[in-house]
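Read through the structures below before going on.
In the two complexes below, chain A is the common chain; its partner is chain B in one and chain C in the other.
Up next is the complex of A and B:
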């Protein structure tokens, strides 16, 4: 008779006699601390140059003090904030800053996109040359370029009026002064923005555009439906930079060309802050205004960074 | 559906010749597979057909119209990319509808066609997702759907299955074949995977170093490889190729090498006498055509020692070193068990009809023409007559 015997499952391997490997406590500690040690130098710089001054600003904002070591600093509580927030010049400065931001967006978004898109076909050595040319204004010290522009914008003999055939007193008329500051700042940052857009374009896969062209899209459709949407994180980033930094970018030019004038026509928030601190020597108001801007910009940055994350389509 | 013809198509990058003068005719409704190793110019060739790469030379014709200078969007071809190139910012539905939308199709029509294609490919549940939320197989189907949605003249596919796992690849292969039969679509399909080529193709075009080496049905290219490259590329393991000294005489060919003494008679069995002109040849035998014999068996024309045996489940592979140690190696393939033991002597027999001959210099196939006294008139290019026993060089 036939016997059916079930095949037994594989016997478990005998337990190893070797004790499991253990890392010593000291080694584990070093392992855990390593990333923080690598970050330490950068962190130290941030603490010394950013967080410490920030805390000092908080402290200063509750004092009334004229920055002289010999004169006393009187605590005034939240009075500085109340006065800063109700001061009419703050509203004006915010308006001027908003105008600068809106005025600069064409130079940081629209023109860079147009230039970068049309320059995509430039290759090799010509590309390096073109990038150098576009980036060059960024390398000119703002104060030096301000001096040159002052000369170019001279109402009598300046090249700008002669070329445009106008009789505008650029730096003395409020609207003209605002336009001049925006255009000169825009000229300054255009190369930087173009480089960022070019890098963004270089980072997007050509395969999508190839697929779209086989799918039947025209070049214009590819730009609008494929390239620009894929570029949107870069564009949001540039918008963020423009909002946060417009007043900073224009600061050296405002300081050299118009000193915030005529009237308050070119007094942006940073220029106002600087006036509080170093014209009126009013440390309390300066610090209070600085903290207000800090909080507002923090909120704007948070919104835009969140938006940028939403818009990044990592496809892997 | 369209017919695609390529004539003298060439592409060079500086000194690199990516594609070197390709003439190819893809018939209406044909599934033609471009097969070749990595870097042989398959993608370059396909992209020139799509219009994504401008040829250095040559022409592309779709249905008798010269489209060499026509932009990709007006060629009426659809392409499935190796990376799929799904638009990452669009949902599956928008990806599928993209080719229709950019052509100005009405929204209602687009929605209808997208729904139909999605249903066909089992994507209905996924229409609202974005590409990054899909698995590899789902992405592959979306890429295919985007090509199917607008009923193009022909499909171009660049290794569409290479990113799938083995099981999914097998089932997708069958799905693609079924789709091709149902649509009677013209397909130009690029792959480096010979299994895909053998199972799906109506015809296979083998590419080596930018040149077309052989075009034929899967059976033709497997059974009668035109060059040593094709012989060594197809089959796994590929054909055994051995350098032999041969005597080509009036009654057949006698080939000799270390551990090998093989007669290829014109008629009947038996050894071929050693009379005639001698020359070097490359002899090819597929592993499955070698039969294991005792070392001293009279029909064991190859003799050697087994160096390794590999178990493939249903079959076994034996690697044998011919003659003394350091001799050429051949692989034998057969049902398990083969009955060989590593380290033991072994004899191998082969049916002379299964033996392929190649020219060692050109690498081209040599056909045996028994009884031919002079070159056959139908043959356009023939080896110079060797005594009265010519070996005709076969052309693809």
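Up next is the complex of A and C:
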């Protein structure tokens, strides 16, 4: 609409056959290059801050070095990779990571779908309030929520034991600690996942559901046969995020609540790698483990992206 | 079950279409609605408890059974400020605001360029943006540490600003592109016909239309950078430390003082809680605009 106003009034309207804006060769060149110029700064920043470190990781992974500028770095070839891949703690960490991923899926897929669908029963102002309630945990910094939960999980005076009527020492027992980390991480990311699902629901076309309803479909059928399939790209996206980021999401909580323990019960791949780098100050070891991790994740992501193209229903 | 778009929550809430299929049974929906609320309140409870405890005395906070009625006090907040939370708050604010502005400044043109002609290469570039998110931060932290150390920017707020910008940029480009795709292409063609340059088309035609999207993207970036822990804890200490690093020290040193801890956690969460609540409807609206379709 505004466009019509933008046109300078004194210029006479050009005849329909004549191209309205003739531009010089130079300007046309700039015009053609413009999209690339628009992209360049963003690409440059990412290349410098994510892919250059990756290349450096490749270089570091062949060295034995303790991160101190004064001490020498000795080339060790593939020894770091051999050590990483044969380290017994790696297997345990992979197991813990897989457990976190599986444990978090209900919080990133099932509950958000249930909450987003049921939030639609709530109307008007109440819905705004409801969204705010579910959304709130996401806004609390993970470290802050670790602080609250440390206290809620306290074996003596904590609210959790009191409410559930249990006597569990949550952060000192291996299984209990794993459950605690999963639930607290899940509590934290639920709001974000619900937001994404709500947005996905908002983006789907109502006409299909309306049509099915006219055809006599029951609400349950509409949910399972129409709403959820239309939501499938969103759900695949959330699954991908959960697989890639579970260990990362849980890091602040693991670091503040359990430091990877008791034993190695909550040491995920992410935490283990961090320990390699910043606890044992073994730069080469850390870099090699990071690269292995990256390659595996890239493969998983590629499979999921390919699958999602096949599995997703698109309404266009 | 009635189907409503989030986008139209205000306009369609009274639409008659919604009420048709729901009337079949009465107890089911009431039960479900009650469960829905119990679930919501359950998830909110820890946050509420944190805020309440922040206003208690240490004695009230430790009382068993817990008290809901108490005389509010600002004593804990005073203690937290005395413990030196101020500079950390300022660092967080600086890193968050500057990096978010930088992200938008870089992401808007990039996403606009990516939304113009959907060609094979567009997909490649988009995949490149997303692929940087598959690189686990922990795999890059050692090399980043080495680089930052080499250029003498350890414990410097600008390091965090640059890293937060790089961290949020892929998400922002990806979100913004889907907003740009929703802009009718006739509008762009009309602008070009009228002789508007690309920059002018972007500034005067496209941006006003997608402003809810920009808002949503900005808010997501604010939340992520405000709460970011990993870079902050590994690359900063006393000078450039942000709220999460202050909190982690506070948890370690004052872990037994629940009221103080709650006050610190409340202060850390307050800015984003306010921003998030004020903007949450816009956020859902913006996201529904096409992002995760």
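In this section, the second predicted complex is superposed on the first by the 278 of 316 C-alpha atoms of A that agree within 3 Å, B and C clash if a C-alpha of one lies under 4 Å from a C-alpha of the other, contacts with A are read in each partner's own complex, and residues count from 1 in each chain.
Heads up, the rule we're going with is that a contact is a pair of C-beta atoms (placed from the backbone, for glycine too) under 8 Å apart; a residue touches a chain by one contact, two chains touch by 3 or more.
Fair warning: this is a prediction, and the values are worked out from it, not measured in the lab.
Once the two complexes are overlaid on the shared chain, A:224 sits clear of chain B and of chain C alike. Taking chain A as the reference chain, the count of touched residues is higher for C when chain B and chain C are set side by side. Shared-chain residue A:215: touches chain B; no touch with chain C.
Within chain A, the residues touching chain B in one complex and chain C in the other are 210, 213, 218.
On chain A, the positions that touch chain C within their shared complex are 2-3, 6-7, 20-21, 31, 34-36, 38-39, 41-43, 45-46, 48-54, 56-57, 60, 67, 69, 115, 117-124, 127-128, 130-152, 157, 159, 162, 187, 190-191, 195-196, 198-204, 206, 209-210, 213, 218-220, 222-223, 227, 233-234, 237, 244, 247-248, 251-252, 255-256, 270, 273-274, 277-278, 283, 286-287, 289-291, 293-294, 297-298, 301. Contact residues on chain A toward chain B in their complex (touch as defined above): 205, 207-208, 210-218, 221, 225-226, 229-230, 232, 313-316. Residues 47, 50-52, 71-73, 75, 77-79, 81, 83, 85-89, 98-99, 102-103, 130-132, 146, 150, 156 of chain B touch chain A in their complex. Residues 1-7, 9-10, 13, 17, 20-22, 24, 29, 32-33, 35-37, 39-41, 43-44, 46-47, 49-50, 62, 64-66, 106-107, 109-110, 112-114, 116-117, 125, 128-129, 131-147, 149, 162-163, 165-166, 169-170, 173, 187, 190-199, 204-205, 208, 223, 226-227, 229-230, 233-234, 243-244, 247-248, 250-251, 255, 258, 261-262, 264-266, 268-269, 272-273, 276-277, 280-281, 283-285, 287-293 of chain C are the ones that touch chain A when the two sit in their complex.
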